[in-house]
Amino acid sequence: MSGQLRPDGSLRHLLTLEDLPRALIERLLERAQSLVRPLGERPPVSRALAGCTVANLFTEPSTRTRVSFELAAKRLGADVVNLEVQLSSRVKGESMLDTVYTLQSLHVDALVIRDAEMGVPGTVAANVAAHVSVLSAGEAHVAHPTQGLLDALTVRQHKPNLEAIAIAIVGDIRHSRVARSALHVFRALGVRDVRIVAPPVLMPEPQEFAGCSRHTSLESGLKDADVVMMLRIQKERMAQAELPDADRYYASYGLTPERLALARPDAIVMHPQPMNRGIEIASAVADGPQSVIRDQVRNGVAVRMAVLSEVLAWRSAA
Amino acid sequence: MSGQLRPDGSLRHLLTLEDLPRALIERLLERAQSLVRPLGERPPVSRALAGCTVANLFTEPSTRTRVSFELAAKRLGADVVNLEVQLSSRVKGESMLDTVYTLQSLHVDALVIRDAEMGVPGTVAANVAAHVSVLSAGEAHVAHPTQGLLDALTVRQHKPNLEAIAIAIVGDIRHSRVARSALHVFRALGVRDVRIVAPPVLMPEPQEFAGCSRHTSLESGLKDADVVMMLRIQKERMAQAELPDADRYYASYGLTPERLALARPDAIVMHPQPMNRGIEIASAVADGPQSVIRDQVRNGVAVRMAVLSEVLAWRSAA
Amino acid sequence: MSGQLRPDGSLRHLLTLEDLPRALIERLLERAQSLVRPLGERPPVSRALAGCTVANLFTEPSTRTRVSFELAAKRLGADVVNLEVQLSSRVKGESMLDTVYTLQSLHVDALVIRDAEMGVPGTVAANVAAHVSVLSAGEAHVAHPTQGLLDALTVRQHKPNLEAIAIAIVGDIRHSRVARSALHVFRALGVRDVRIVAPPVLMPEPQEFAGCSRHTSLESGLKDADVVMMLRIQKERMAQAELPDADRYYASYGLTPERLALARPDAIVMHPQPMNRGIEIASAVADGPQSVIRDQVRNGVAVRMAVLSEVLAWRSAA
């Protein structure tokens, strides 16, 4: 995706991590790291984006990603408006763009967009005025770039030497924007050993995830891994008989303490949430000492603050 | 509508533009004009209304008018709460007023109300305590006063000599609060030539829109017009067979580049949005050089900031 | 309910008023009283909780209690996020707690929870990290502690000598969290004469409301009362034939001016709202000179500001 960067190399839109320069990713992660605080301490707050306006466009109002973006913006002093809209349903008659033009005319500086239809954030980014930034908060199965950044930040906090580690991504790789954005950022940061683990029906097409080893056996994929990234299983796929039922899935692909023991003893366990406990992950693992799942959430606000600061820096300097 | 003004002549409620003194309208438009910034520049922000509370009462949460009011209030430093309520459904047992009394007791200073039932904003205004202001954000087919003000501001930006221009309002005049508020403000500002253009079934009753020329031919109505205000067609009326289908409507009443050429070469094109592209307006016109539709949106925030400042001025001085 | 207090005796969670120390209740009421302003005056605002985050978790978005908590938090300078979630529907697979852990990891300082299922606020409070406070905004039929505090504050404003007064609570006592929290706070403050008035089917179990006199006759319950607290009747109970229809209920248990005359001449009338006018209360009473129903709403914001200040005091001092 071209066009995410300004001529000076700064980030304007964030639609995908694919092909993003490593130096930019490193800068975002370092800024995010500087904004992380232990739980119980106050998060950093500032007025850096006072006078800026961020609009959250989500098809459902109560997602954790919406709240994470909302708090990131507010803690930087920006005004936030939440809209519950399904942009992709407005494609006919170009009214999707009319909604966007309206927000732009209301002096909204950044549009945070989640949409289940592929291409929506990119279409919006291609059409907004020069002073408006578009941030994808999850696009179909394609990309979830702030999730990828928070996953990378979480891994780096525990495994600083990224070139030497093995990461296993486990679950519905085929339909997962989380897996795709993770792969993009891990590649950019020099991770060599990325494994995808899934039942055959959830494996991506052969041309995707190039360079990753493929495992239909969870045991094989976990062997000596440093990082285990579990994905959410859509229960709807079980109802549609694409997948066996929950019990049988858990028997083959659930991350239990016994299976986790196949990974390195200091391996960390991640999950983008919401979790299906007892289906893709055992509660003993999700809440166990190797889990960094709650750290991911905390890192998510820091990453979104870093991204908002980056794309609106020219504005706050103005 | 009496009772919109305080004894000192300042605005307390804004329910309709009908009979509002010209000097007051001029003052609001001048204040709004001072708050307009080009897109890409920061909008003006202040803390003038810090400590004030504005409640938005809309039957649907995601309208552009709600967002416009919300941003206007926030950019003046006010606290904003959004409620999704249909006041008119609460008329029985007087619970509409109980909802209003509750908000008043929570020290809400201004109630912004959109309701599809005629009379709701006026009933609320007649019952609130002396320190509370009511602003209509759209009342049935009757009035949409901030829309009227933003339309007037937009016209004035391009046509300063209002007494000399011809304005054509085109579409579903009969059911349009936008048309009625536009007529009120244009009359107050001395516009002499206002034309209403509609198929017979969408023409208002003969006693309404007095002094306007009536055109069932779009071509006749557009002739040498300086301003063309298009209205939204409710597709539901087509389903109910009150109107021909979309294609036939467009054939007779759609604003195409060819028809626009009948107006003056420097004519501006307006639309309150959302637009039905290809039904009442061609995309080539909506996005063309004569369109000021996005300016209307930008002017809308400025107008709402001016109105909130006016009705809450006594409060911010306190 | 143990565990609401910190080791230093300050309030950490507010789930119920039962067994709360009288000194703490008095402190909260005094602080709330200092925050009460007459209608028309500005409410007090501060930045005491700037940098703190309050999350409202309500199953429905547009309740007056949500708005009251939201304004209380904003007037103290806190950031507020609203989530429409039904935590109790997430009990399976422990996802209720995952939602809570997520908010905690987002550095939310206080969770305001309304849920129709018994035990939800307590379960959350038992599981959150040490720096997070849980405030119940209404739990099943069990407790509504901020309502109890605002009721006590309202009574005290008119009847300073609580030990000498008689309070009649009228209506659906059996299913009422309002009645239970009122009883807890009135007991703590030394009220001796609390009467519950209800038709037999709405009377609580014998072991509940110990020490209260029970009246199935409204006339008998009102006799010489200083305070009359009316409760809302759920019309659904009438549909289910647990209760007679609205007219017959009003004939027996509606608070009319005639019946109110049985209470002391300076008796005050309260109602938690929303009211069913003409079913449990006559409009002439609800809007009459003895009604303090709107005062209750105003006092509610003050009480919630006092509670938020108390539970987050350690945070604002940090």
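Here the chain labels run A, B and C in written order, and each chain numbers its own residues starting at 1.
FYI, a residue touches a chain if its C-beta (ideal position, glycine included) is under 8 Å from a C-beta of that chain, and two chains touch if they have at least 3 such contacts.
Note that the coordinates shown come from a computational prediction; the quantities given were computed from them, not determined experimentally.
K.L.:
Between copies chain B and chain C, what's the superposition rotation on C-alpha atoms, in steps of 5 degrees?
P.N.:
In short, 120 degrees.
K.L.:
Same residues or different residues where chain A meets chain C? The copies count as same if more than half of the interface numbers are shared.
P.N.:
Comparing the two copies, chain A and chain C contact each other through largely different residue numbers, since under half are shared.
K.L.:
Compute the distance, rounded to whole Å, between the mean C-alpha positions of chain A and chain C.
P.N.:
41
K.L.:
If a residue has to touch 2 or more other chains to count, which residues of chain C qualify?
P.N.:
none
K.L.:
Tell me, which parts of chain A touch chain B in their complex?
P.N.:
Touching chain B: residues 50-53, 55, 79, 81, 83-85, 93-95, 98-99, 101-107, 129-131, 315, 318 of chain A.
K.L.:
So in the complex, the part of chain B that touches chain A is made up of which residues?
P.N.:
37, 39-40, 42-43, 45, 61-62, 64, 67-68, 70-71, 74-75, 273-278, 283, 294-295, 297-298, 300-301
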